[in-house]
Amino acid sequence: MTRYLARRLGFLALTLLLTSLLVFVVTQLLPGDPASIILGREAGPAALAQLRAELGLDRPVPVQYGRWLGRFVSGDWGESYGTGQQIRPLVTERLGNSLRLAGLTLAVAIPLALLLGVIAAVNAERWPDALISVGSLAVVGLPEFVTGLVLIQLFSFQLGWLPANASVAPGAAFVSVLPQLILPAATATLVMLAYVARLTRASVLEELNRPYVRTAVLKGIGQRRVLTRHVLGNALLPAITVIAISFGWLISGLIVVENVFNYPGLGRLLTFAIDRRDLPLMQAITLVAVTAFALANLIADLLYALLDPRIRLG
Amino acid sequence: MSVLRPPAASRDGLDVRGLSVAYGRGPDSVAAVRDVDLHVPPGSTVGLVGESGSGKTTLALAVLRALPAGARIGPGRVTLDGDDVLAMQPEELRAYWRTRVALVPQDPLPSMNPSHPVGRQLAESLQPDRPGQADRDEIDDMLDSVGIGDPRRIRRSYPFELSGGQQQRVMIAMALLGRPELLVMDEPTSNLDVTTEAAILELVRERVRGTGTAVLYVSHSLAVVASLCDQVVVLYAGELVERAPVEPLYRQPLHPYTIGLLDSVPRIGRSKRQAPLRPIPGRIPSAAERPAGCIFAARCPAVEDACRAQRPGMDAAGEDHAVACRRWQEIVAGTIDARQPAPPSFHDDDGADTVVLRAERIDKRFTVRRSVVDRLLRRPGSEVHALRRVDLQLRHGRTLGLVGESGSGKSTFARAVVGLEPADAGRFTFLGDPLDRRVERRSRDQVRRLQMVFQSSDEALSPQRSVGATLRRALVRLAGTDRSAAGEAVATLLESVALTPDYAERRPGELSGGEKQRVAIARAFASGAEAILFDESVSGLDVSVQAAVLNLLDRLQREHDASYLFISHDLAVVAHLADDVAVLYLGQVMESGPAGHVLARPYHPYTEALLAAVPRPDPSAGPAREPLAGELPDPRQVAAGCPFATRCPRVLGPVCHEQAPPQQLSADGDHRIRCHIEPAELERLQAPLMGEEPG
Amino acid sequence: MLVHNVLSRRLGVHIAATVFSLGLLTGTCTAQTLRVGSEIPAQLDPAFASSDAEILVLSNVYDYLVDVDAGNQIQPRLAQSWSVSDDSLSWTFTLREGVTFHSGAAFGPDDVVATFERLRDPDADLPTSDLYANLRSVEATGPAQVTFTLAEPNPFFLFDLTDNHAVIIDSEALELGRVFDGTGPFAVSDYAAEDRMTLRANPDHFAGAPGVATLELIFFAEQAAAVSALRGGQLDLVLRMPTPLFQSLEGARGIERHRVATNGFDLIRLRTDRTPGKDPLVVQALKLAVDREAIVEVVTDGLAELGSDTPIGPLYEAYHRAEVAPPARDVDRARELLAEAGYGDGLELVLHVPDSGDRPDLAVVLKEQLEQAGFEIELRLQPESVYYGDGGWLDVDFGITGWGSRPVPQFYFETMIACGAVWNEAHYCDPDVDALIELAGSTPSENERAAAYAELQRILASEGPYVIPYFFPQFAALRDTFTGLELKAFPGRTDLAAIRPR
Amino acid sequence: MTSSPPRPSRLDGARRVFGELYARPTSAIGTTLVAVFLLLAALGPALVPYGPTEQLLAERSQAPNAAHLFGTDRLGRDVFSRVVAGARDILLLAGGGTFVAVVLGTWTGLFAATLGGWWEEITFRLYDALLAMPALLLALLLLGTLGPSRGSVLGVIALAYTPIVARVVRSVVLSVKTREWVAAARLQGESLAWIAGREILPSVLPALAVESALRFAYAIFLVASLGFLGVGVQPPAPDWGLMVAEARDHVYLTPWSLFFPAAAISLLVISVNLAADGLGRALRSGTR
């Protein structure tokens, strides 16, 4: 187990290093001059040249990468070109917001998806299964920006139940912003819900067909107990991995959702950074998102290993 | 076992009447089992024997009401002690499962929940819904009684932590804990090594028989059933063909299928020279293509027109002996010959003693990388010494049989010989020239002359390519056949392995296992190979098919003057085919020499134990003596001394554990052994025991 | 027991807060807070700020010396009165007394001096360096008096002092753009970049306390999202929006639409210092190919004033010449001219468009019109930051640039049209035009100036490398719980302090 | 001689897959709709009454009617014509990107996994790094760099999905490369290219077909999202995502100009998903 952990951490570090290189190179190639972005459209050439030198933009790219990575790792993420703000507090605050939305989404979507998946699998080839399967396939086809707009139209404008806008105030308590989070979370939930439900169904069906289920049934264990005590434990193990993968999906989804609802998360900040060619901000957001994704995968793998005696003890 | 239940006499046991089982619905429905009658009295063991596709597992699961979705039972009746099993409603069914029946499946590992400790799963047999309240002592007693030495540790283990033998013991314990009236065992030893199998069979004999439980024992092996059962039921293509007590069935089988089956089984002590196998031609009809008349008519040597017209019923041919053949009386009387024709015999003994292939001091290790953490904790290195200084030689035109249990290194050796997994040390000499350790570095000619036929017929052929394309490629690549002539050459090749030329257009998925293996053999011969390695090449085949392939191999060897290295875990098959034999244990050759000598009069204690464990298709042979204790040790932790020392019944003392045994040659030069005991002493020890074997 | 009490009290408060916020699900907020949807400001250093969103912050946190009102008249702000010397070179301002910065520091002449010394510093190369290059000195000439000395007379000097950048900063201000210490009606209490800015009223403001106690600027990348929020009740005011969003608010319950005509325009310009814009035939073809009326109708739903390819719109009543008009649309003639210029097979051009306002729609309509005349147009929409970045607007051959409304037209001529002007994006250079601009910018005679502008309008309309199809109005929408909005032609200069609960 | 069992003809494979696709209403509907969309993409421009960018100034903002089935947008463009024209765009972009990803992923995955060792390690470490970035994030970064154009959108899809395809390929290769027929090919002295291409690749194809279909669905999704975020195809192209984004400002004036492209995206993704589901079922039942 320790060996497994060490190995996984090594891979994580390697992946992050490669990703950081990729992010850095890509952002360096972006068109647009950071200096003119900082100083605005009206700034003159001398001011621009001076700022470029201050930012070290005139140095060779490998040197810039080394400096940037070194500072990043030591916690100095620099200042945003676009706003002149320190990036780390900005990004950590938005990360918190995004995680709050992601957490709400996962908290709703995952249990619901697992439940639907199990219901579909247990009723395989009967009407509840057909309903859930077709429903999830349909929902999988709805892009977040369509779902979001539809939900706004329906719940905000027609019914007037929920706010159309999720620009929550910084530091507001979760309970007080909950109403504003409902529509964005619902939008992000739908796609994930379908995805996880489908995989859960497949996983439960696969387990149901394993010989140990027959062994359990032949011991005279009740159906419900066979399902809960035997099948689900094993079927939901793979779901952990699925959830981690769908976390990546969620990150993509949140970029769209946060823009549709104007939610102050990392996704909206990223589009802002890209729009403004705010390189340090883009780099920081991307690395944070990638790290979050990688950590989610790592945690999922470790959890899997911990729960699966074959890996834990093997 | 102290079981409180009515005395056996007052109970009927399992009774099956006219039972049919079909898969699918409507017009696509196919019958897997048709109109079967069966009776298993309490306290007796009934063997259900058949080749693959005979419907034996379907039948076994049907009486348990444990068929997969999509199967339909009926018409027919199944009763256990008079209770109609097929009429049971869900709640009754649960009670039936909980208290009256149990199953020991073929594969113990997937049949246990991988994420629950074994103890909890055992407890569920006692308290299905409240395993926490089960009596631990009772479980421990049961584990102890099925031969598990350390019940407390085992209870806490997860299934994957147990060895194959332990897993099956646990499954048996799980079944017995429920004190079933009916125990169904579905090929419980088929995937186990022969020494483990012997131990499990011994366990079944000791612990299950005579407890009043009715046992339905499903097996493809006539040999296993012979040593275990009171009565045998032979199933063919979903129909019952013969039912008899063990002794008469093996002494005088009445159905031509049973006769053919027994004639197909290779036996230790009867080599190809003494008794050629008589395979059953043709193939088992699929469920969709069953004839109107006798189901065996198409393959029967004693068939007459009436057989094809009408299905024969079960005739009582003696006490408890029933047979579904209209001509059984003629067979009893000997007025007709119901045996399959024997193949022409080719045997001559003039094989020159030139050595074709010589392996010297071949060594191979597999290492699993150790992490820093492992090193700090001084965990054992995970290195497997798969082959240790293996010396072997293959004589021209002869067959060298290489036997050993799983993990003995026999496949590793084969792959090292052909260069797929290069050896770490040692030397191969082939036809006088040194062979490079890697196939990629060998000359085209060497590759051509040294070929291999693999274990699994399902994987041996590229699934997307037609048989013809596979063979053509082999011809063009290795034999240098001209592309234009390849078509003809393919037809010839197919013919040589007894397949019609139209097989060239088929894909492997359309072939049966035997047919695939024939094609694989044809491919090996396509290059004009002079030495061919067979790695478990007949192991996955049904016995009647296996017999045909063994005969084919024999014929091809004579025709092509080829030399075979034949690897198998099945001693009977090796005994049948091999001229010389070598016994491998944990990567070392324990004993080698001419097959007639080594297998008839084993010197090495391991060879002895191995032979003793082999079940014989002959109830009079009796059960194996004293199954070998213990299990194959972890190959990563083999001691410096004799690898067999941990299990050897003749272990001398510390010397065996500490010193590598010397290589010794028997006085007559027929046995080359690795043992601390003097050959002369071994010969003395063996002599009285081996007397019963026909020389 | 004590712990329990505290806990339960806290819990009670919490529940109350929850109930309260749930009651406000759809977002009606206390009238004392004005929530304004704004685009995202980035650069808030007064010397560099340029967008409406940025100026909106500055003009409400700081004050100008003088400002212009809706009628384009100069109004006193921090300067109470002023006088000019006879030679028109020396301007003396008397400052308001008793004014303090939000930090408590007193406002005085030194702050004015510091502000303008910074803005005119030639070495710093600030956007205002050119504008104030004519300043010879800025001096405190009394406890509440500042004197500006010019090198040359400048009839528009007071207007120059209303420049967006010219907010008065504390002479000891540090970290401009991050710490906001102004004298304006609102003081920044919290700024979360890219997200929102919270401001509280400055009760001591010289013009009186603002109409609301709290001002919340909530930033939106998408105006559509802001309008949604307004509809949904999470915003009270949205400034600036594209035409269709404004139109869609017609009849929306509880929302009052505001519209003001401006001299702002979208400039379609062709670079003239290189092929193909170098060829006057191509410029002519461009002018002939455009249907300006259709653009006004389709893109702005007829809400904009028709333009005639000159920056002087009807709002400059004194200078605007209604009779001046670009050549009427003639697609066949345009095609002939193109052929004559050597583009008989079509002229391929990439049209660079900042992705904001009505410009994307304008580009799409323009593309269709130009292609009827033999142009082949590829659109490239870019975020404003990219369009206005290096290699963007000043560089590309063919582009659409938005120009904001200014109090006097001279600004456009001096920065956009004069030969070598800083933002001469068309790289246009005509000595006659330059002479007219020079004249208009220096003559004290209004008549002469009007004549010069008339001639400039004639030249630009007939041959300038520009198409100015319309002067756009500015839009805003306010919840009807508030009143007092006076939308400015440059919406960033709107005085939010004047808005109060109804 | 062994008697021959009845044997199915070669064509039966295709027929079986097809039959399986039409065995269930869901996959039948999906397959049919995909076919309809493909047909629209192929013939669309010939079928529609107006050009996708043609502005009918006199018929602006019309609700759906007989002349304009889906109405017209604010600039007087026929929404039906634009939606139909957009089908070709999105299918070409998503399909092209998926195709490149499948080809690249298959070959790199196939050879790296067959070769094993360092090649495999390096290739898949790189792919892991790419995969560590959620697809949309990667796409946004790259499109910012490359500038929005059809080519870059296609390239971004290819780059985002190549590692995923390669992973799928590798998982099959790893299970196949130890198979005996592969060993048999080595014993026949076959080259690496032969072993990879002729012995292993055929076994990869079924999994690859299903994965490709799924990727295609995701690619459509991604293209639409990029269009919506304004970094994909440029106006006035009738890109569905872009149309939705543009119509956001108009949703109160001309709701149909938002509804129809949004519905088209959803319908296409759903159909491809349904068809992929059926395809997977068909191929699985074939290998059983």
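First chain written, first letter: the chains are A, B, C and D, and each begins at residue 1.
Note that in this section a contact is a pair of C-beta atoms (placed from the backbone, for glycine too) under 8 Å apart; a residue touches a chain by one contact, two chains touch by 3 or more.
What you are looking at is a predicted structure, and each value in this text was computed from that prediction instead of being measured.
Asker: Looking at A-C and B-D, which one has the bigger number of contacting C-beta pairs?
Answerer: Counting C-beta pairs in contact for A-C and B-D gives the edge to A-C.
Asker: For subunit C, which other chain has the most distant CA centre?
Answerer: B
Asker: Subunit A to subunit C: how many Å between their CA centres?
Answerer: Here subunit A and subunit C have centroids separated by 38 Å.
Asker: Roughly how far is subunit B from subunit D, centre to centre by C-alpha average, rounded to an integer in Å?
Answerer: Once rounded, the distance between the two centres reads 48 Å.
Asker: What whole-Å value do you get for the distance between subunit C and subunit D if each is reduced to the mean of its CA atoms?
Answerer: About 45 Å, centre to centre.
Asker: How many angstrom lie between the centres of subunit B and subunit C, each centre taken as the mean Cα position?
Answerer: Comparing mean C-alpha positions, subunit C is 89 Å from subunit B.
Asker: If you look at subunit C, which of its residues touch at least two other chains?
Answerer: Residue numbers touching two or more other chains: 222.
Asker: On subunit B, where are the residues touching two or more other chains?
Answerer: In subunit B, no residue touches two or more other chains.
Asker: Can you tell me which residues of subunit D touch two or more of the remaining chains?
Answerer: 147, 248, 251
Asker: Which pairs of chains touch each other?
Answerer: A-B, A-C, A-D, B-D, C-D
Asker: In their complex, what parts of subunit A are in touch with subunit D?
Answerer: 11, 14-16, 18-19, 22-23, 26-27, 29-31, 133-134, 137-138, 140-146, 149-150, 153, 248-249, 251-253, 255-256, 259, 270-271, 274, 277, 282, 286, 289-290, 293-294
Asker: Give the list of subunit D residues in touch with subunit A in this complex.
Answerer: Touching subunit A: residues 26, 125-126, 128-130, 132-137, 140-142, 144-145, 147, 217, 221, 224-225, 228-229, 231, 241, 244-245, 248, 251, 258, 262, 265-271, 273-274, 277 of subunit D.
Asker: Which residues of subunit C touch subunit A in the complex?
Answerer: Residues 14, 17-18, 21-22, 25-27, 40, 42-45, 48-51, 123-127, 129, 177-178, 190, 192-196, 198, 218-222, 225-226, 228-229, 231-235, 383-386, 388-393, 422-423 of subunit C touch subunit A in their complex.
Asker: Residues of subunit B touching subunit A in their complex?
Answerer: Result: residues 64, 66, 68, 94-99, 101-103, 105, 107, 110-116, 121, 124-125, 128-129, 158, 160-161, 171, 174, 178, 371-374 of subunit B touch subunit A.
Asker: Within their complex, state which residues of subunit D touch subunit B.
Answerer: Counting only subunit D, the residues touching subunit B are 1-8, 179-181, 183-190, 198-199, 202-203.
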